[in-house]
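Just so it is clear, A, B, C, D, E, F and G label the chains in written order, and each chain counts residues from 1 on its own.
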Amino acid sequence: MAKKEFSFNNAVLEIENILQNIESGDLDIDKLSVEVKRASELIKECQKKLRSTEEEINSIFKDLV
Amino acid sequence: MTEKISLTELQLIIRDSLYLALPDAYWIMAEISELKENNAGHCYLELIEKHPEEKNVRARVKAIIWSKSYRFLKAFFENATGESLREGLKILVRTKVEYHKLYGLSLIISDIDPTFTIGEMAMKRQLVIKKLEQEGVLSMNKEIMFPAVPQRIAIISSKNAAGYSDFINQLKSNSFGYVFYTALIESSLQGIETELGIINALDRIALNSHLFDLVVIIRGGGSQSDLSWFDNYNIAYHVTQFPLPVITGIGHDKDVSVTDMVANRSLKTPTAVADFLIDSVNSAENHIIEISSEIISTSRIIFEKNKNRIEASAIKLFPLARIMMSHVKDKLSSEIIEVINIGKEFIIRAGLIPSNQKLRLASGAKSFSSGKEVALRRNGQRLITGTVNCLNVYDVMLKNLVNTLQLLNPENVLQRGFSITSINGRIIKNSDQIRKDDQIDTQLFEGTLRSRVIEKTGKGG
Amino acid sequence: MAKKEFSFNNAVLEIENILQNIESGDLDIDKLSVEVKRASELIKECQKKLRSTEEEINSIFKDLV
Amino acid sequence: MAKKEFSFNNAVLEIENILQNIESGDLDIDKLSVEVKRASELIKECQKKLRSTEEEINSIFKDLV
Amino acid sequence: MAKKEFSFNNAVLEIENILQNIESGDLDIDKLSVEVKRASELIKECQKKLRSTEEEINSIFKDLV
Amino acid sequence: MAKKEFSFNNAVLEIENILQNIESGDLDIDKLSVEVKRASELIKECQKKLRSTEEEINSIFKDLV
Amino acid sequence: MAKKEFSFNNAVLEIENILQNIESGDLDIDKLSVEVKRASELIKECQKKLRSTEEEINSIFKDLV
């Protein structure tokens, strides 16, 4: 997944979707780990995004003060 | 007519008869109609009795005061009455009738009672005053305004009177150098002609009253003057009616005559009148001098006031202008301070906006990202629990399957002592499936039995 | 002022009037010297009147007596 | 059976089918033990699958948390 | 100002009026110097008038006393 | 500003007006320095006016005393 | 941004808008740093504007006092 096209919001939506699937229990065990993996990756991406945003903002603030 | 006697004899008989008949002395009341002193000092009088209402004389007699008595009586009388013995006076005298062969009957006066004359005079005077009063003219001349500058003077006097020359001398020699214009209108000022003389003089002056400031009536000095001539009604009346003020200087030590009373002013002597006139002019001049010095001082005050006013203004002008300048300056400097303060304050206030916004931006961004992070973490948690639940479900399912399988596993059934009977490999669950003598296999937990059906019992059988 | 018509009394009245005017304070300083001058002339006239012989009056008097 | 093609769900379906067959008793005695064996094997496969999935997920979670 | 028409009293009133205006503070500063100049000129005129009046009066008095 | 038409009072009014604008807070900071500059110029004009008035008054005063 | 056209007030409004977006949480995190950067730049511009205005005003005041 190209980083540029990563959308935090879309990622959150996808995570939400996966969570619903998992929580509803409808999910095939064969697909479970795939989905969990996906969700986990998305969460990590999101956290990464958050961290990078945070860093960016911090650097902006450092610049500002 | 048998006996012939001489005139002398007769006169002597009359004298003796009278002497015998009238031995006493009598106090008699009479009016002097004539009075003469001779060189020897004897006084010869004619006494009359007159009724006021009648024209004619009722009685008349000659009288004599011998010089021996006269010296004493004259002084005594004058002293007591302020009048000399003269025509027209009423007197009370002690007399003795005498008869002289040469001069005939005469009364010898040995004593005189001045109080009677005083009473008579006073009564007469009172009558005059009362009449004038009743006519309402008593103070008319007094009411005439006295001229401020009595310079033009009509004098009623007699040319030869000592009083007149005293008066003129006093006036002319005044130390102030005032000029007085005098006109003498001659009149007799004593005796019977007094009345007519003064009235005529007043009438003449009245014709030219515009030329004069006042009239002066003066009489020669000395205390001998007979004041009673001036108690005359007609003189007094004329004076009251006179258009100019009348001043009298007819001089008397004690009493004042009616003329004095009605005159505008009355002074004792001509000299006093002159002094009074000089004083009047002098006080008029002094009045002018006073006014002029008042004008001078008032002018100076006005002048000083105005000067002070201007000086005060001049003194005030520049300080005031400076005060105003400094007020304006103060105002301007407070404006300057205000501009600076307000400008700075504005910048400070404006400066607060971006710094607040900066703070809000920082906290907003932080809470924003931390919110997202919390949500992410929650999702992670949900992922874990969801997945664990999911796996548990499968685990339970598998365990159930194992249990079911174990229950169903024939091996387990056999082990517990049950056996499976089959025919030709098919498991027999119903006796109907086989017939008698069918060969059946029975599988036990260990080993297999083949048997033959001997008997068959039905369901419930 | 014609000498014939000069009246001491009127002169005094006028002088008194001037004094009153001055005293009342209404007087303008502009008029002060004029008024003072007038008063001064009147005073001089009065003093002259008191001391100088008027032949005219004398002759009238002589005529009269 | 190639592991790759193993489907947990299919395996469960097959097990349940076998169990029904067994329960119904229609089954031939010879086949009975075969079927039981088959079911037992499938269950084991499933358990294996479950365990492996569990492990996988755990490792993902370890990475995540 | 024509000298003939100069009135001391009016001048004094005008001066005092100006002073009051200055004192009251109502005066426009733009007009202050004009007013001060006016007052100053009037004061000079008044002083001149006072001097001439003084001389006049003194000479009258010398004549009189 | 032509000197002839300069009015101290009007200038003060304008300054006070500017002060009110600044104080009311309605003023754009973008305009602040323009307004302050205007006020400052007006104040300088006023000071100039004051100095010239003072000099004028002083010279009148010298003339008078 | 051309300095001439910079408006403090507009900048403040824009910052306010950004702040509201951030504070309401409606903002896409992907845009957060962009918006923060924008706001930060605007704040810097405002502060710069303030400093320059202050300097201008101070120099005017120095001139004045």
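The rule is simple: contacts are C-beta pairs under 8 Å (C-beta built on N, C-alpha and C of every residue); 3 or more make two chains touch, one makes a residue touch a chain.
Keep in mind that what you see is a predicted model, and the values were worked out from it rather than measured.
Taking the mean of C-alpha positions as each chain's centre, the chain lying farthest from the centre of subunit G is C.
Taking the mean of C-alpha positions as each chain's centre, the chain lying farthest from the centre of subunit E is D.
Taking each chain's centre as the mean of its C-alpha atoms, subunit B lies 34 Å from subunit C.
A straight line joining the Cα centres of subunit E and subunit G is 66 Å long.
Averaged Cα coordinates give subunit A a centre that lies 130 Å from the centre of subunit C. Residue positions of subunit F with contacts to 2 or more other chains are 8, 29, 32, 36, 40, 43, 50, 53, 57, 61, 64. Within subunit B, contacts with two or more other chains are made by residues 292, 296, 299, 303, 306, 314, 317-318, 321, 325, 328, 336, 339, 343, 347, 350, 358, 365, 369, 372, 380, 383, 387, 391, 394. The chain pairs satisfying the stated touch condition come to A-B, A-D, A-G, B-C, B-D, B-E, B-F, B-G, C-E, E-F, F-G.
Subunit B contributes residues 314, 317-318, 321-322, 325, 328-329, 331-332, 335-336, 338-339, 342-343, 346-347, 349-350 to its touches with subunit F in the complex. Within the complex formed with subunit G, the residues of subunit B that make contact are 336, 339-340, 343-344, 347, 350-351, 353-354, 357-358, 360-361, 364-365, 367-369, 371-372.
Residues of subunit A touching subunit B in their complex: 8, 12, 15-16, 18-19, 22-23, 25, 27, 29, 32, 36, 39-40, 43, 46-47, 50, 53-54, 57, 61, 64-65. Note for the complex: subunit A touches subunit G at residues 7-9, 49-50, 53, 56-57, 60-61, 63-64.
Those residues of subunit B that touch subunit C in the complex are listed here as 147-149, 151-152, 176-179, 181-185, 208, 211, 281, 284-285, 287-289, 291-292, 294-296, 298-299, 302-303, 306.
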